[in-house]
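Look for chain A in each of the two complexes below; its partner is chain B in the first and chain C in the second.
Let's look at the complex of A and B:
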């Protein structure tokens, strides 16, 4: 098949529908949000159209910097944990029989059907003192008495990794299936152990896929606001939690919008940096 | 389901319906009665279901005014919708049940049509604080329902019921409390002021509020969970995972009646009494019907039904109702309640919210 550049206006036709959808459901709401972030908050009322930076000024404080820093750190940690777990898992999965693969993939897909609320409550039960997994350890004689594993950072991290793991596997799976098996075979015949072949051949061959997956999981994790509330202490609340508080409970739309715009900008900046760093690495 | 599908509409049924339709047309009086209607906004879910079942049908029977119940979202989203609609001359609901902070915010934009107390004779039954007034004395709303937030404990963990809110500050209760996560729904500043500084008047000045915040900071090590979601705390309270906290009095009573090891205590400083008002949108054209509705709802007998069926505390004076001691205790108490300082959440909301968030997150 030869690809030709579009010649006439009608050649752009197929683009029209997706473009409209993008404009109606993304560009317009996002532009509205940016506009609202400059509006003036009426305390005890709503907001009035204006152009002022007060909402951004309020955000620029040590307190919010800490919350933002924590949110980014949490999202990066979740992304790294997911990759570290999912790459070897998916690699082994692609080596298995077709039937086994299908069973695993269906199981992972079914996790996606669980809502954040169900995942949060399930983990909060598993980590509880009264009904949690520590009771099993006590029964097995490993621990002396059951204790609560939440609220804690570990609990938040576990819940979020659990939630993001299926996405990670599903994004990595196509690339790993297409990976030419002769590459590892060559490495093996040249004397590399399976583990060495995995780290020196498979991982470098997948570098772009892994970077893209990292970014996807990072952005996915950054938006999480329920799991930190259900499984963590207030110091583990992400910026998304505070945005919700402002928007829903304080009716302070301008400030909530300003925080959201800031979060998007920081995210885009980090993604751009990652992509740039990746390009430089390739050129070298 | 299959049985239902198998049913066919018989010839008789069709004829019957046709006859009924013709006779309706022949009797314009019935149609006119049906024209009298009122759209009433009630919190969606439990409240709306209870009102649809226990209150609205009897009201229609008594007055001939049909009620169209609108499920309103909690929080302030409904206030925003009413306000925007009123600017366009529309009323998505004529009468709505509004929180006290929403009442104040609506007052700021003159959203509520002033009520004529002469048309609400039952208004004299109300406890004074349930008549919500504009600063110039016009009546903005009438108490619809009220409810208590009290000190709740797990009876397996605490054999003796605590007697004072001071239990929250007791170092023995480290990591054992579940408290509401927002300054504007936990009302812990008021609790602190009443318990340690002689009353909620201590919050009149910023220094007073600051002192309450400082005192409240001492509770932080005792708090295991700051909850927004009620189910989360209720479950933990029942299981003893989080054995103490603040929660709704009537819901805790129902849980105890189901055999769960929980109890609700009115501390000697009083329970926190929050409430909702009936308010009429200024864009509504159903002013007479609205007054009839509010008057009907302010009857002691209706308030007693609400206490029995919905679990709310009466907004009319206790002695006017026929509630037994047990029925009254299930929803309320004679101990002077802590009334939240709603004015603060209107005039100082951003400052309070910022201080509060820094207190619990920092």
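Let's look at the complex of A and C:
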């Protein structure tokens, strides 16, 4: 359907409210943050307006480069784990009976209602030596004695994948429901086993959806700052943890703002690269 | 035995029987059309032959080998779906090469076979186009070429032409039949369009309620329908009630008719007469008499509606033999005994 472009100023009326909300709650805070990132910090938790690059200069060190590198690596790993788990899961889910699908979707939605704090503490209990899942393995005779599985990288990864998994499924679900089931049937009649059909037809046909979901989970995981602290060691802390630390505990708002701006820029750059790579792949 | 054999094939979904005890043999190289109204079980039967659904009873044999429980991908068949199911992420050439790629054929062989098939379906040079850029008829041909890429033992088509407009559909029917004869491949088409079945098939299988009502050549089905359902479903027909009295005299719609026999001991039956076999004559000359209620002049054919005792009978004539009748005029109808089919009640 083609519509006429807005002619008069009043035609933009319906846009006024959302635009105002966006400006007040997104553009203004973000601009403030960018401004603060150039301010000068005063001892005692205050800052004065200025225009200096000291905060950005401080950030350009090997330590922060390592933290940034680790944050990106963790987010990418979480995104890949979520996709690897969620695509087959959602595919099978869409092939189930409607009633079964609803039960699963409700269960996933209820995970979304859990806060990051609850998820963090729940997993720290499950991974503990005294009350954790290793006790079950000991009871089953698989392990000889219970041990703590945290703090560790695996624990951080598990917690974050658990948190991001429902989002991943919910984003993939509509695309998979719409996928024509005769595509896989056709692949089977043409000689592909069900597993081969999944990898040669379902995955490639969903390439764009999977890329979009990957980006979404990646950005979601970048913002996680509680789970790395609850389940990991200091070397597993992400840039988001350091930003929180600077902003709240060190009261260094300008530096925290500078780090946040930098993180946003790096993220946007990576997303742009992914989109470009996807376009090139399509053109080829 | 070479070909396909269905032995007592049954499919039940819960308490609903979609396909009931179907017996059918399809000799190698024949073209079979399964015809019936929607919900008659024809698609389910085709899906069972393809292995996409498992029968709840009976066996399916291909070239003497029991394939009832062989998974779809090991049956070496080609199937065209109603939705065509072309892979949207692949080009025309990649779609056609898919069954070859899956079987690990060398790249050069794949390319050679794709070029061969593309020229067969008159789409040479289309190999690198995305399937989304094709017209409906072109997609149809690509789906057919993809299904034929491995030279399958069995070629199955589920309502393949239903998405095309009427003109293109008629052209594709002829093309499909010619292609099948050229390749000599055993082909089964599911359709609800009787014209399509008549155009293409060696054998038409008429189904209703999960059962085969009649399986025969198109002309046999048309000329000698097995029951009133088949007579009415294939083409159009006049179904007339006939009664025999104790002396063997037959009355059609209450008027005595000579020369027609219902068979020994049959008291009540239905006569099926094709409209083109009903001839109009002067009142009193024919076997039956009635009144003209409507004349539909279509140019190529003229349909005359005649009312006899509240029943509408249609006679079709060509313009050369245009009947000189007007609405309200009494006419006589000639019933030729050899074109009347007696169907048991």
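Following the convention adopted for this analysis, the second predicted complex is superposed on the first by the 281 of 284 C-alpha atoms of A that agree within 3 Å, B and C clash if a C-alpha of one lies under 4 Å from a C-alpha of the other, contacts with A are read in each partner's own complex, and residues count from 1 in each chain.
One rule holds for everything that comes next: a contact is a pair of C-beta atoms (placed from the backbone, for glycine too) under 8 Å apart; a residue touches a chain by one contact, two chains touch by 3 or more.
Here the structure is a predicted model, which means the values were calculated and not measured.
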Which partner reaches more residues of chain A (counting touched residues only), chain B or chain C: B
Partner chain in contact with A:128 - chain B first, chain C second, else both or neither: first
Partner chain in contact with A:200 - chain B first, chain C second, else both or neither: second
Which superposed partner A:180 touches (first chain B, second chain C, both, neither): second
First, second, both or neither for A:18, with chain B first and chain C second: neither
First, second, both or neither for A:192, with chain B first and chain C second: second
Contact footprint of chain B on chain A as seen in their complex: 41, 43-46, 63, 67, 121, 124, 128-131, 148, 151, 229-230, 233-235, 237, 242, 245-246, 248-252
For the chain B and chain A complex, residues of the former touching the latter: 75-77, 79-80, 83, 104-105, 108-109, 181-182, 184-185, 224-226, 228-229, 232, 236, 239-241, 346-350, 353, 357-358, 360-362
Sites on chain A touched by chain C in the complex: 180, 182-183, 185-194, 196-197, 200-201, 204-205, 207
Footprint of chain A on chain C - complex, ascending: 50-52, 71-73, 75-79, 81-83, 85, 87-90, 98-99, 102-103, 146-147, 149-150, 156
